[in-house]
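In what comes next, chain A is part of two complexes: it sits with chain B in the first one and with chain C in the second one.
Right after this comes the complex of A and B.
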């Protein structure tokens, strides 16, 4: 039973790590759905949100505020920063680029990535900042059934719960609120949405704001796990294969894709790694995405209307 | 007024089909070539400003030439054939490492027989290395038959990350050096050893000139038109009898070949000793930026884009010094990030087709000047 216990442990840790990929992928999906922009800057936004959060938190704790108050103020501050970013991006980059083709918009978000990465580190510093929002120790489960039990780190579980809450919240927002319905209308057809009086600029601001808040949530979890640092932006690249597997336009797809990637790469690392040299986590997700692309180009949950050749 | 083709009659078919049918273009080209082949070595020989020391050659001109070559390679694929690729770094790396392996001898013991190639001279090694790159390019181009756009970009990312890993982990490629970094052997071409910066510069210049000429001719010939037709509308191209399989895979192959040559030059001529990090994802993005900023579907644009992306950080580095503002090195590097990003956005807003389009607008203005119409 040792082997099975190990397998379960790898699987669980992989699934929970996958939740973190999903959190980043969610931001991509939101913006892609509503504006057709493939937002490369999502990773940089996670970095910006994380830096804003951790720096303001440290500042206020140093000033002697109680921890809970500092957390609330820091979260609000980071949210404000994300709102300002969303406004700036909409106003100065995407607004003037209305009606350009997808490649140009994609390139412009790479430009935005550079600006956010540089700007965030200039404003908030470029070291590794530890963030302590969630407990970072681990639980041992099923110690009776498996020798040694299954090690599950608490931060991963917190991440999973937060992701669940976030998805439910987003689903409610999209289904029940007026703004959410307007977002869906814009996603369906820009021109039709405009003709019934929905302001595109306002909607795009909202979308970038929501994506920014999702980035903030992702930053709290990633930051607790790894510390807030520049390499977070590289982890965000992992969200791309998640999107391929889940489909660019599907919120549940982002979650399921993240779980598949997370579990897949941990299992591959544990069972294939010893044979072909470690570190296959580095590329496994992309190759998996490549295989999925060959078999099912629209992803598991994507809409079938993607351009086929 | 300055750029009028009035009076330049074409009296033969060959003249009509010339690469540069307009006399002013031909003169400009010869001037640039003369400057590159004659003036730069002369200036360097006499150490005229700004060629004092080797800085200009080493830090600007050599990387500019090599990255222009890589940009031409990517432009064939992305600009002419319309297949977005984020894996340029990987193809450069394959070129570099295969060249290295061919230079130092290949030895693969198999079950039945042993593949053993003695160490080859540098030039055939570079060409063989580029062929390897072309082969892998075809392999990773196969998904392009089913998917396109951003989906394809992610597929090429797979190539990027996979080969990053391969060259770090598979020690065979680095001849089992303990540090994982590789030193290029001596650059011997036809019995002549290239060592000084000016010789390295001329070597790169020869390569770049040849490949730029080849690329320019390719894209205006049969195959280039097939690429462009596929790019503009794949279904219509297919109906006209263009085989998408052939058009796309040939673009992948040729583009990877050129990028492989660029990678080999980058490793052998510019770096000398290198690690896999030299060809990571940042390099891919850098080259993609060059192509987009310079202008998709333009050979001239590849050069302009390479110059812009390469020189911009160097200039930005100098500005605070020149103004006498005391800024820390770290702030400057971050500032370079911000300004590069902002300039990219600004250029995309002002001229989404890049510098090449600005250049052709400029030519139009020159033709009419001083009259507005």
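Right after this comes the complex of A and C.
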């Protein structure tokens, strides 16, 4: 019974950690879907959103505002920062590069990454800032069936619920609204979208704004878990295997990919780790991604590449 | 609507679109159009004819302002739509004013369903959902095949269906004028005929004017009322569709009909070089 209890605990914590990877991967998917741009800057955007949030929150709490009011204002402030970022990126990077090759756009987002990282730390500081939005203690479940029970951290559960709401919201936005349809149209064919009167500049602003808001949500959860700090940008690297497994164009794929990676690496660490000396967590995801790449290059949920012969 | 159209048709030659001597340069070095002028009267169908690389597509893109995305620029001349200069407007502003392009090669959104494709055409409209849905039914009326396939992804439909989808999508913007680029490309003659019939109906019943770039000279001159012939970025000839299709040179070079005295390919080239058409 102890073994099964331990397995469940590892599985649950892995799945919940995976949801947090998904939150970062989601931002990638949104921008890739709508503009065909692989946005390397997504990790930096999480850092920017987190810093804007935690610094403005601390500032207002220090000024004596009640905590709930400070949270709301800080969230709005961070959202505003993300909107400004979206506007700047569209205006000065993507706008001038309209109709350029995908690789060119990708390179430009690497540049954007460094700009955002530098700018964020210049404006908001570069220390580790603790963020306390969600309870960070844990529950012990099923104490009657397993000795010691199963430890489930509350923050991970919060993260899972937030991700679920986000995915449903995004799915509705993409499938049901006029702007969502235009986003998908732009993703398929820039030139044709322009020809029917869809303004690419407007759509790209919207996409980067939505990705920025997703980054903000990811920042609230990750920031509470780890503290807001520079190493958050490395999350972007963990999102890569998630994307490869889930598919670059699929919102549900990002979620499922995250779950697979999260659970996979925790289980591998717990059960294979003792035999090969541990540290599996750091590379397991990439190996998994390689295997998927060989079997199914578009990812598990990626859009089939429609090619007329 | 019909009274306006009647008034328009009684006024002789009120031009909806006029292009005055435009020059287009790609990448700031490649001169593609060297002075093209043309006129599309309200309610007209005008054909723009010429061989590959003559500048037909470039002319249409210059009008719809899609040129800038390909690093092309109108460096001289003026383009007037409803008597207002439009060469500095964004493509979406032009669509809003009623001038929309159907691009060469159809360019449907492959992963969207046919119906979603049609709905993207209504992106610039602000007259409410009910009006858009009415127009969707209208488009399905013209293209019953699209209605059957409304839930299929456009990428999986046939070439003819995609061309219909592209025209229907343009129609959803309630245009006054459609710039139709090479609608016959890669389609079976029967489908081409069907599409041209629909163009004719749209022109008669919805009062949509057309500027039609075509290599299929025979078909284009049967449906257009007026035609321009482009060669090397210049208009080398223009006239009524009837007079063009009876012109010996047009017959020779674009319709493949000769006066009986059969020429070899070399002779044709020679003849063509010697003779200069002046616009």
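As a convention for this text, the second predicted complex is superposed on the first by the 305 of 309 C-alpha atoms of A that agree within 3 Å, B and C clash if a C-alpha of one lies under 4 Å from a C-alpha of the other, contacts with A are read in each partner's own complex, and residues count from 1 in each chain.
Keep this in mind: a residue touches a chain if its C-beta (ideal position, glycine included) is under 8 Å from a C-beta of that chain, and two chains touch if they have at least 3 such contacts.
What you see is a predicted model; the values in this text were computed from it and never measured.
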Margin query: Should chain B and chain C be called a clash or a fit once both complexes are overlaid on chain A?
Written below: fit
Item checked: After the two structures are overlaid on chain A, angle v-u-w for chain B, chain A, chain C in degrees (C-alpha centres, nearest 10) -> 80
Note to self: Contacts for A:280 in the overlay, against chain B (first) and chain C (second): which applies, first, second, both or neither?
What the structure shows: first
Note to self: Once chain A of both complexes is superposed, is A:198 in touch with chain B (first), chain C (second), both, or neither?
What the structure shows: second
Next item on the list: In the overlay, answer first, second, both or neither for which of chain B and chain C A:73 touches.
Entry: neither
Next item on the list: Could you say whether A:88 touches chain B, chain C, both of them, or neither, answering first, second, both or neither?
Entry: neither
Notebook entry, point to check: Who does A:98 touch here: chain B (first), chain C (second), both, or neither?
Noted result: second
Check: Thinking of the overlay built on chain A, is A:107 touched by chain B (first), by chain C (second), by both, or by neither?
Finding: first
Check: Which one hits more chain A residues, chain B or chain C?
Finding: B
Notebook entry, point to check: With the two structures placed on a shared chain A, what shortest C-alpha distance in Å links chain B and chain C?
Noted result: 12
Check: Considering each complex separately, which residues of chain A are in contact with chain B in the first and with chain C in the second?
Finding: 306, 308
Next item on the list: Spell out the part of chain A that touches chain B in their complex, as residue ranges.
Entry: 38, 92-93, 96-97, 100, 102-104, 106-108, 110-119, 121-122, 126, 237, 240-241, 243-244, 248, 277-280, 282-283, 286-287, 289-290, 293-294, 297, 306-309
Margin query: With touch defined as at the start, can you tell me which chain C residues reach chain A in the complex?
Written below: 64, 66, 69-70, 90-92, 94-96, 100-103, 107-112, 116-117, 119-121, 123-124, 153, 155-156, 169-170, 173
Next item on the list: Over in the complex, which chain B residues touch chain A? Could you list them?
Entry: 84, 143, 145-151, 154-155, 157-158, 160-162, 164-165, 168-170, 234, 244, 281, 285, 288-289, 292, 330-331, 334-338, 340-345, 348-349, 352
Next item on the list: Flag every residue of chain A that touches chain C in the complex, lowest number first.
Entry: 98-99, 178, 181-182, 184-185, 187-199, 303, 306, 308
